[in-house]
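In the two complexes below, chain A is the common chain; its partner is chain B in one and chain C in the other.
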Partner chain A sequence: MLRVFLTSIVLMCASCARLDHVQISDIDQSQGPLKAISVKVSNVGFDAAATTAIAADLASSESARDNLGDLAAILAMFNMGPRTGNPVYNDRYAEGLLQQLKQQCESGKITAIRNIREAKSYGTISGEIVRIDADCII
Partner chain B sequence: MKVLLLLPFMLLAGCTHSIHMVHSDGFTERLQEITKARYVEVETTQDVVFFFAFDTDYVDEAKTKLEQACPGRLSAVSTQYSTSHGFFHWTNKILMKGMCS
Partner chain C sequence: MKKLIGCMAAFIVSNTLVGCVSLNSVSLTQLPEKREHLVSASASDLVFLGFTSQNDFVDEAVTALKSKCVGGKLTGILTKHQTTAYVLVFKREVIASGYCNTAAG
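So, the complex of A and B:
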């Protein structure tokens, strides 16, 4: 019991930041002072196949290990395709970014837009993040 | 019993997505021009079945559709590239949005 508790604590603390993509646009410092603005949206990523594969490795009985191994293979087949990080269950979570960015800048003039795709990864669970940092020309 | 246990996993697994990239650019107009602007959005997809890709011009198609949706000036154009996963197939998606003035 103590071993499970200690393992859980270690797993909870062992998160990693992951950077997938960064891109920066034109920077205009000629029109006035700049104010930093930022918008971040995120969604829970979960790799069901990898989780099941880990469960199969940890299973004590041979039959459970076989069944979980089969399940992991089936789940992988149902989730085929390229992926950045863990899969999410909503592909429209990053849609309101432009409006949110515009709301933060009263002048409407935004420069030095940094598009960042990153994640906080906890193994098979992660927070998949889309972030836009920019400067508002005041 | 096994089927009952498998079913929720299958339902959960059949609708996953992955957003690879979101890029936005070009907030250059003054506020007056932006408030008058109209919001346009287009989406094109590419189906890939058993690693065979169809519709390989879907990105160009999105750009053409966006231009058709706004014959005037397009600004603050954003592009989202994502994939919806499936059973031995997946769908790549390009979502382009912009302000039309």
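So, the complex of A and C:
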């Protein structure tokens, strides 16, 4: 019964979407027709503390459970503080967004920029996504 | 005693069903000089226990906002992203408003 329940939870959590931030910029529809453009970059986020805590719960021996529990607490302390989503191992993954956006708009006139910070969560691992949707004035 | 329990149950139920709002993000763009024609749009979705696989409702808000200022320029856009928690269900919502200025005025 427990296995069925846990499997159901895992399946339900598979690819859960999370929305952190939405920002809409000025929208100019007065200069001509618009073409939708979009850029998305992502990086793997990993919740090490939660993973270790799960390992501690699943450990068969008492000592392993204690050690993993201590490790989970230490990892949680390393990652405490304000944050958005899971920590990633590359702090520059969102830097190429502007260049990619420009490449999709030949006229160079971009309006209606939507900055969306979201994530796809797969248990303790997540895809931390930055998406920029916009309109190119043709 | 039964009346007291009934009152307490009604109080708890009414409080939990009303929902608690958390404001996730707010942004504002440059305000125009002419601020006469304010338009607003919102879009939302309901998710059970937070399980969802998409954030497409954001696009609906933008499309609705655009449709209210066809051929014009929308500036001073205030965007709010908020989540309302009901019992086991969450309402995710994007509310956007801005000033529409057209060539016709």
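Brief remarks on what is shown
Definition applied: the second predicted complex is superposed on the first by the 125 of 138 C-alpha atoms of A that agree within 3 Å, B and C clash if a C-alpha of one lies under 4 Å from a C-alpha of the other, contacts with A are read in each partner's own complex, and residues count from 1 in each chain.
Just so it is clear, a residue touches a chain if its C-beta (ideal position, glycine included) is under 8 Å from a C-beta of that chain, and two chains touch if they have at least 3 such contacts.
Just so it is clear, the structure is predicted and the values come from calculations on it, not from any experiment.
In the superposed model, B is the one of chain B and chain C that contacts more residues of chain A. In the superposition on chain A, contact is made by A:25 with both chain B and chain C. In the superposition on chain A, A:133 makes contact with chain C only, not with chain B. In the superposition on chain A, contact of A:17 is made with chain C only, not with chain B. Shared-chain residue A:98: touches chain B; no touch with chain C. Judged by the touch definition given at the top, the superposed model places A:81 against chain B, while chain C stays out of reach. Once the two complexes are laid over each other on the shared chain, residue contacts for A:112 go to chain C alone; chain B is not touched. After overlaying the two complexes on the shared chain, residue contacts for A:63 are found with neither chain B nor chain C.
Shared contact residues of chain A, touching chain B in one structure and chain C in the other: 20-21, 23, 25-26. Residues 12-13, 15-17, 19-30, 112, 114, 116, 118, 133 of chain A touch chain C in their complex. If you check the complex, the residues on chain B that touch chain A are 2, 6, 9-10, 12-31, 33-35, 48, 76, 78, 80, 82-93, 95, 97.
On chain C, the positions that touch chain A within their shared complex are 24-25, 27, 29-30, 49-55, 58-59, 61-62, 65-66, 69-75, 77, 79, 81, 92, 94, 96, 98, 102-103.
Interface residues of chain A, counted against chain B in their complex, comprise 20-21, 23, 25-26, 48-49, 52, 67, 71, 74-75, 77-85, 87-91, 93-95, 97-98, 101-102, 105-111, 113, 115, 117, 128, 130, 132, 134.
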